[in-house]
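Notes for the one structure printed next.
Every chain is named by a letter (A, B, C, D, E and F) in the order it is written, and numbering of its residues begins at 1.
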Amino acid sequence: MSTDPQSPKGKGTRLTHLDEKGAAHMVDVSQKPVTTRKATAKGLIEMTAATRDLVMASALKKGDALATARIAGIMAAKRTADLVPLCHPLSLSAIRIDFEACAEGIEMTATVSTCERTGVEMEALTAVSVAALTLYDMAKAVERSMRIGQIRLVSKEGGASGDYHETA
Amino acid sequence: MSTDPQSPKGKGTRLTHLDEKGAAHMVDVSQKPVTTRKATAKGLIEMTAATRDLVMASALKKGDALATARIAGIMAAKRTADLVPLCHPLSLSAIRIDFEACAEGIEMTATVSTCERTGVEMEALTAVSVAALTLYDMAKAVERSMRIGQIRLVSKEGGASGDYHETA
Amino acid sequence: MSTDPQSPKGKGTRLTHLDEKGAAHMVDVSQKPVTTRKATAKGLIEMTAATRDLVMASALKKGDALATARIAGIMAAKRTADLVPLCHPLSLSAIRIDFEACAEGIEMTATVSTCERTGVEMEALTAVSVAALTLYDMAKAVERSMRIGQIRLVSKEGGASGDYHETA
Amino acid sequence: MSTDPQSPKGKGTRLTHLDEKGAAHMVDVSQKPVTTRKATAKGLIEMTAATRDLVMASALKKGDALATARIAGIMAAKRTADLVPLCHPLSLSAIRIDFEACAEGIEMTATVSTCERTGVEMEALTAVSVAALTLYDMAKAVERSMRIGQIRLVSKEGGASGDYHETA
Amino acid sequence: MSTDPQSPKGKGTRLTHLDEKGAAHMVDVSQKPVTTRKATAKGLIEMTAATRDLVMASALKKGDALATARIAGIMAAKRTADLVPLCHPLSLSAIRIDFEACAEGIEMTATVSTCERTGVEMEALTAVSVAALTLYDMAKAVERSMRIGQIRLVSKEGGASGDYHETA
Amino acid sequence: MSTDPQSPKGKGTRLTHLDEKGAAHMVDVSQKPVTTRKATAKGLIEMTAATRDLVMASALKKGDALATARIAGIMAAKRTADLVPLCHPLSLSAIRIDFEACAEGIEMTATVSTCERTGVEMEALTAVSVAALTLYDMAKAVERSMRIGQIRLVSKEGGASGDYHETA
């Protein structure tokens, strides 16, 4: 039985991006239908409360700290296929990135949509990763020991492999 | 007193990448000396032991799994200034990325060197992040709940702001 | 009443690319139909008659002056979504750029077509802008006081928001 | 006599970026000294007072309108050699972009510095052009008849060809 | 008579990418149907048997030599429209690249698929070219006199202009 | 003995771009001196005399055929490190590309210069390759059986590994 979303039927035995000889290739999606697909990813950049407050306060005072990270994440999502070698180039129909202060630092959430033959999980994860790198860059003169983590897929809708929602 | 490497003298009070009005800018490094600089970053992609073994075994069997992630990380390091808005474009003199299987999954280490007016921390962190995204992409059909984390600067040498070594 | 094409119904009150909190996002076009769309933009690079004649004569004598600017504009149109942060990545079906000498310098006209869910105004405007920058670059050793201007949308066809034609 | 900065000695008779047969090439700067260079460019995006107030107010209310355009301009400056075919790839040491509301719309000023063998006029002009395109993109749903103009070099310092300052 | 696939009817008299005045443009494909298309290209990098054996042996010993060239070719295929000025930007549905040792060196074969309005010959040829350049780069310290050649279209399927198969 | 330029001392036994475990890395050039370096590469695109005459005549009649290929080659040279995974990003000081009709088709020659810690062979070879791909693209509607070949390094000057000149 294979209803576990982590291990879809028949796929668990080998890496689909490598062929039978182990060679990397961009897998053929030409037989997959064009459907509306959406993916959301999250991540966390851990920092001291002082650094976090500096970043969030900058935003409150009309500074560009969060805007810079948001724009970097949006632009990176559009360049996912240029960064991740085996990703398919896709037209994206929507991208949004949100930031929220939490006890450990700043949590980022990215949601990406498309009408294509394959999903946009990598685009959402790339948006989160580059937004986090941009926050790190802007705050690194204040705190070098920040740490980027908890980057993961939170949900995925549309497409033949079924929906996915992170288990709490 | 401010000998703590995380909080260098006089820098802790504001984000250097924003000016006095809060506007983002690429900070002026033209007065900084050209020196040899090196930075190392680490990160972890957490996955089940089964997925980890699949990835590592593919590499053992001459498959391209780790090579693909390594090349993606190296190419991303070269594109850091194109991804992180306020990073300076730099000539890089060396890049290397290593992978090691551990209990939680696969640990990545990237080391980048340059002879320039500013450091390469962001290049090392970007290399780790994109290598991790590439591993995620290749293994996601097997396990969607992988998680990328612990992305951090491990050490930094050269440059006026002093060396930095992660405290264990 | 709001039939004026410059100020479409209900849109005049806020910037659509910012959400209710002011955060930038790439707006969702997934519900918009795929249709054939075309946009034309114009711009002018002002220069002395001597510089203009040098550029145009170079073209007449088989020199690459206009060809270089034309290729730069065509390639930039294809990279619009990589330059303008909130633009959607699009497949383009045609691009052309024309140059015409006039009293003030050289006028550029770019026309771009697509079959997509959103229009190509930004692609046409980007083509004109980068063609103009390229002419500036090639002629700047002769005249530094050139001036790029009058970059504007001339017409737009296809899509739900209606056609647009510049009023003379 | 040739002290006029627009027409430096011996350069007025042909386009330096084309060889004697008219073929485009990237001119050889290997014999030029590495010096500190700076360039400032300006441009204007004309819009109705209502649109201008919407953009500026968004910025006042912590919206990302100007931040998005500023980041787009900074990133475009770093990609100048990738957009303008005959520009030399350069390490840039500083980039800043400012916006100011004026009667006709919003005026943009970009300043770029480098320590290289050639100047950064094109980088400053490209930053202004792409910042203007980004503002156009964000405000186009409100007003399609905006017009980008007055893009010009305001000043240039450093390098063998002498300083240049726009005459008022 | 003109049923020869190399010289389709009415096309032999001028270059379709130049208009009647000789100006380059991206030809309009908006009236062409979206169909599944595939192209295969081949090329050869000539080298001494010693160099060839070094490259192939490295692959046998789990080294990254061929994997690096394969990834470079796949990523270059996705960037074809960014490299070849008059190519249309396309969504690609599959890319694969194979290497085979032969008497003269190493032969490369790239196959690319799409569901678009135009074919992917240029994507397959670009993949082969950049894979060859990457092999050259990795082996050039051993042998500078390697030679890249025989880059050609082997077959093409789908699209209005008919299938094409290289004649033996 | 090892004065043969093709097989510099001690280098012939392994691929320098792979470490002792076979992992690809960007080799460290930080200890190499900054010197002026130049490289020239050649290549040939074979075509029928009819196609060749069409391309050359287009150029004679002020058409953009050769200019488009030349600009594509120059822009590709600047992007070499973005295409060839283990190439170092470099500032280039000059690039030129020439075309010459010959019995078999059109021969291309690219010369690239730099003042850096490593040479520009790959930049010259990349310029030739992409110029050839662009010619193929423009003439492919006329002749699909063109063939790109004889891409090779012709000469190399500057740098510790010594000059190299192709043996006739």
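Keep in mind that, in the parts below, a contact is a pair of C-beta atoms (placed from the backbone, for glycine too) under 8 Å apart; a residue touches a chain by one contact, two chains touch by 3 or more.
As the structure is a prediction and not an experimental result, all values here were calculated from the model.
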Steps needed, at minimum, to go from chain A to chain E via contacts: 1
Partner chains shared by chain C and chain D (touch criterion as defined above): A, F
Same vs different contact residues, chain B with chain D, by half of numbers used: different
Same-interface partner of C-E, chosen from the options A-E, A-D or C-D, over half of the pairs matching: A-E
Identity of the chain that, by mean CA position, is farthest from chain C: B
Higher-contact pair (C-beta pairs counted), A-D versus B-F: B-F
Chain whose mean Cα position lies farthest from chain A: F
Distance between chain centroids, defined by C-alpha means - chain C, chain F (Å): 33
Inter-centroid spacing, chain B versus chain A (mean Cα positions, whole Å): 17
Geometric centre distance via CA averages, chain F-chain A, whole Å: 37
Chain E, residues touching no fewer than two other chains: 23-24, 62, 64, 67-68, 70-72, 75, 79, 85-86, 90-91
Chain-to-chain touches, reported pairwise for every pair that qualifies: A-B, A-C, A-D, A-E, B-D, B-E, B-F, C-D, C-E, C-F, D-F, E-F
Footprint of chain B on chain A - complex, ascending: 5-8, 11-12, 14-18, 21-24, 43, 50, 54-55, 58, 61-65, 67-68, 71-72, 75-76, 79, 83-87, 121-122, 125-126, 129-130, 132-134, 136-153, 156, 161, 164, 166-167
Residues on chain A engaged by chain E in the complex (per definition of touch): 19, 23-30, 81-82, 85-86, 88-91, 116-117
Touch list for chain A against partner chain D, complex: 59-60, 62, 64, 67-68, 70-72, 75
Residues of chain B that touch chain F when the two form their complex: 36, 66-67, 70-71, 74-75, 78-79, 90-98, 113-115
